[in-house]
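Let me give you the structure first, and then I'll get to my questions.
Chain naming follows the written order as A, B, C, D, E and F, and within any one chain the residues start at number 1.
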Amino acid sequence: MRALYLGRFNPPHKGHIHAIEYIFNQPDIDELIILIGSGEKGYSTKNPFTGGERFEMLTALVRKSFDLKKIFISAIPDINRNTIWPANVVDLVPSFEVVFTNNPLVQQLFSKLVNKEVREIPLTNRSEYSGKKIREMMIKGKKWEENIPEEVVELIVKYQGIERIRSVSQSDEVEEIEHNKI
Amino acid sequence: MRALYLGRFNPPHKGHIHAIEYIFNQPDIDELIILIGSGEKGYSTKNPFTGGERFEMLTALVRKSFDLKKIFISAIPDINRNTIWPANVVDLVPSFEVVFTNNPLVQQLFSKLVNKEVREIPLTNRSEYSGKKIREMMIKGKKWEENIPEEVVELIVKYQGIERIRSVSQSDEVEEIEHNKI
Amino acid sequence: MRALYLGRFNPPHKGHIHAIEYIFNQPDIDELIILIGSGEKGYSTKNPFTGGERFEMLTALVRKSFDLKKIFISAIPDINRNTIWPANVVDLVPSFEVVFTNNPLVQQLFSKLVNKEVREIPLTNRSEYSGKKIREMMIKGKKWEENIPEEVVELIVKYQGIERIRSVSQSDEVEEIEHNKI
Amino acid sequence: MRALYLGRFNPPHKGHIHAIEYIFNQPDIDELIILIGSGEKGYSTKNPFTGGERFEMLTALVRKSFDLKKIFISAIPDINRNTIWPANVVDLVPSFEVVFTNNPLVQQLFSKLVNKEVREIPLTNRSEYSGKKIREMMIKGKKWEENIPEEVVELIVKYQGIERIRSVSQSDEVEEIEHNKI
Amino acid sequence: MRALYLGRFNPPHKGHIHAIEYIFNQPDIDELIILIGSGEKGYSTKNPFTGGERFEMLTALVRKSFDLKKIFISAIPDINRNTIWPANVVDLVPSFEVVFTNNPLVQQLFSKLVNKEVREIPLTNRSEYSGKKIREMMIKGKKWEENIPEEVVELIVKYQGIERIRSVSQSDEVEEIEHNKI
Amino acid sequence: MRALYLGRFNPPHKGHIHAIEYIFNQPDIDELIILIGSGEKGYSTKNPFTGGERFEMLTALVRKSFDLKKIFISAIPDINRNTIWPANVVDLVPSFEVVFTNNPLVQQLFSKLVNKEVREIPLTNRSEYSGKKIREMMIKGKKWEENIPEEVVELIVKYQGIERIRSVSQSDEVEEIEHNKI
């Protein structure tokens, strides 16, 4: 049976590895689609990396730790409308039967609107494996590399990710001065 | 003369009945378009019901309490742009001369941009007839049925609305954990 | 059981009356949603009337010939994407179980993508009850009123529909001259 | 009184100069907005130049031949919906009272939907001053420069316009071969 | 060399004059594109004036204080996507080599995504020349005219801007009452 | 060096295998992104399969014949605007240096707008390896399987592709009868 696993992966980290391992440990799951949502977002505090950069990072992680023959990866733009969003996902990835997600809204949308089975992923080390915490450490100049696989760290460095997230996070703080803002 | 009355109707309640009665009590109004705005939104704390569900609920209410021969009902998606929004409304509903609304922005948009007369609706029992308050009662497990007509209550139950709004309101509270969010 | 009947209704004509009668003659159908598609189009040879104008015309026809308590009417904008289009329809109208349509694409989309039963409407007098033929007669100055109910004819006249369709059909013929075209 | 003059200007040519002169010869017109429509289109046979390139070309023409203090120029993307299109134009340019256009559809849209006066421009030398003919001459390698002001010719050359239009016009002709098309 | 200077200009004020003067004082800059962003927004507290009104106001300011032969002005709608936004700007205005902006996000987007040189504008009198402060003074009934050029003040009065911003700012404060909001 | 290869792959066939082999035979190419364009289209004569179905088919083909560690596959929706389209592609896939395409428009867009090297793929057996011809054979009931890899044939059968394309191709032929079309 094929499963879908959704995230923003901004950036991919070791918590994602645990989640993928958990999914493949389910006896009835043999293939997995890992879908990068909000693929059209980038250069913001919440989504510092572009969909394409996250696609590259996540593939590097998967190539190292998982069997590529069982996995599909893609990055797609969001449709900013709850009630159509699951139909859009179904349209752009291979067919699947079950969605792994802990988000109550996503659970409602996939089960009520496109009739998919929904399952949860047990959380481990919640405080450490959090994209938000990692982004905060990047901005504050703290050690952000610890919970990120080496091959992803390299790509973050290659794309000057730390400089970028610090720069764009300043924009959020900039006061409204007419002649320097959009 | 035909009037337009706009709302999100999430869900329709007795305050809406009073408003419609008030409008038909105006001597110069003989037909009314009731337009469900934000029709494309649903499965959120602010808009738990879909445009189609609200269309069904509002029609049930109107069928019971008003003369169908004088009323048009429709649900349309928003255009998220103030300056074009009134032209979009004008385009998708029968022609009308006057808009009933208490919202200052909506008053400005219809009067300045598409040249419509704008009138206010006197508020009664403001604290009880509020969609926001009703949605809060639904989420908190309080008695939400009191100010909602019976035929609408039935549809909310049919569409498992209370389970839904509680579920999606949790998503708003969920902390950002990378592997369970979109 | 509730049915959906889709059309562009540009303009509504007597063929539509026969189709609605046929649907209500089905023993298992007790309510009908009549949905005006391409609601956002207007002022063109193929869609001379706006969604709102067609909404008004179709309601006039329904008020005269059918039981309003069994009917929902709405005009919505198209989503120009086959694979999402049925989810959009489902989202914006009351729930329904069966779709009446003779169009093979529409049949595929509703049955395969949103799991609806699909039924055909037997055609009668095909050559006379055709929106395309009626629009051609309007453009060519022929008698266009014959197959259109009186209450719809009145609205076409009120909105200066004949002048409009003749005018916009000229635009299709205008040669490309740089300084007078868009 | 301020007027609006619309075109695609792909590219600007001497016919446009005559049209602008004609408009300023009207005794009641003292300011003119020249609006480049389809600004978002480019790299096609019908619209070889981008909105920005046409903005630059048209400004070069205006700077040479007209009083800049009386003219506004802008390039905006189309809204592909007749019934909203005039509201979009009104929203993005300074206020105006009259529209100069020979296109019957544009005349209908501005007069019926946003209540503007509409006037025609007498055509002169129709066969020579045609954007379509000029583009055809560019594609076929004929003398295309004759009816284009020198300052515009220079920009077409600077942006390698002839190479571009020949290249993209080939795409229209390319047969559908799966592994080399989009 | 041609430069780009971006702002929302809601409304244009004397700080913008200083910025434009600063840019033209750069020895290598001889032409300037002044681009009004968020052109599609209007009738809100943050963007009270439409793109077209701001276009008219800014042109009045430029006509009085600068050489029109060196300046392009335009108002375009935003593309609400960071990673595509600079390509959209490049597409709709004449070609340019350098962008003047103090916003760190805008600096990142133009330098990393479309390879433009980015320069800052030294701020002067920051507390006085702020669109946000001016809009606050308008709402609160304080003297808002001081830092706005006379020709812009006239247009704000002509378009009843103070009445408008006070009205729409009330909408932000209106509590959620179902039967009077959208 | 990483390359990009674009197609609609409706459906994938043996010509695509030859193209991918050719690209990997280039000495300087070690990784390849295969991007399914028009991913949002489906259920039409030209694009019978959805983006997700084509994603699944193409992956089946690649898993059998190529080294997965060197390949990225994705299906993304089109942006229907030439001048922004390459920036959208760059945004949603891993970084790349060279594009393989025989389409003159695509060559212009990638080389002029996002500065990529462009290379051609020599065509072999053009008349047989054509998606258009294969789709025509499907519609006409001819032997369509010959030039399609076995693993793709299986998926076409699984998704009832032949029934689907025959059905939707009828819609293109259906005459305009008002009461059965959208």
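Rule of thumb we're sticking to: a contact is a pair of C-beta atoms (placed from the backbone, for glycine too) under 8 Å apart; a residue touches a chain by one contact, two chains touch by 3 or more.
The model shown is predicted, which means the values in this text are computed figures rather than measured ones.
J.: Do the two copies chain A and chain B share over half of their interface residue numbers, or under half; same or different?
T.: different
J.: Averaging only over C-alpha atoms, locate the centres of chain B and chain E and give their separation in whole Å.
T.: 35
J.: Measuring from the mean C-alpha position of chain C to the mean C-alpha position of chain E, what distance in angstrom results?
T.: The answer is 44 Å.
J.: Roughly how far is chain D from chain E, centre to centre by C-alpha average, rounded to an integer in Å?
T.: Chain D and chain E have C-alpha centres separated by 26 Å.
J.: What are the residue numbers in chain D that touch two or more other chains?
T.: 40, 42, 50, 83-84, 91
J.: With chains as vertices and touches as edges, which is it: line, ring, star, complete or other?
T.: Basically it's none of the tidy shapes, so other.
J.: Which chain pairs here would you call touching?
T.: A-B, A-C, A-E, A-F, B-C, B-D, B-E, C-D, C-F, D-E, D-F, E-F
J.: For chain D, which residues are in contact with chain F within the complex?
T.: 40-44, 50, 164, 167-168, 170-171, 174-182
J.: Under the definition above, what is the set of chain C residues touching chain A in their complex?
T.: Within the complex, chain C contacts chain A at residues 79, 83-84, 87-88, 91, 113, 115.
J.: What residues of chain C sit close enough to touch chain B in their complex?
T.: Against chain B, the touching part of chain C is residues 39-40, 42, 50-53, 55-56, 59, 63, 68-69, 72-77, 90-95.
J.: Under the definition above, what is the set of chain F residues touching chain D in their complex?
T.: Within the complex, chain F contacts chain D at residues 6-10, 13, 15-16, 18-19, 37-38, 78, 81-84, 101-109, 112, 120-121, 123, 126, 129-132, 134.
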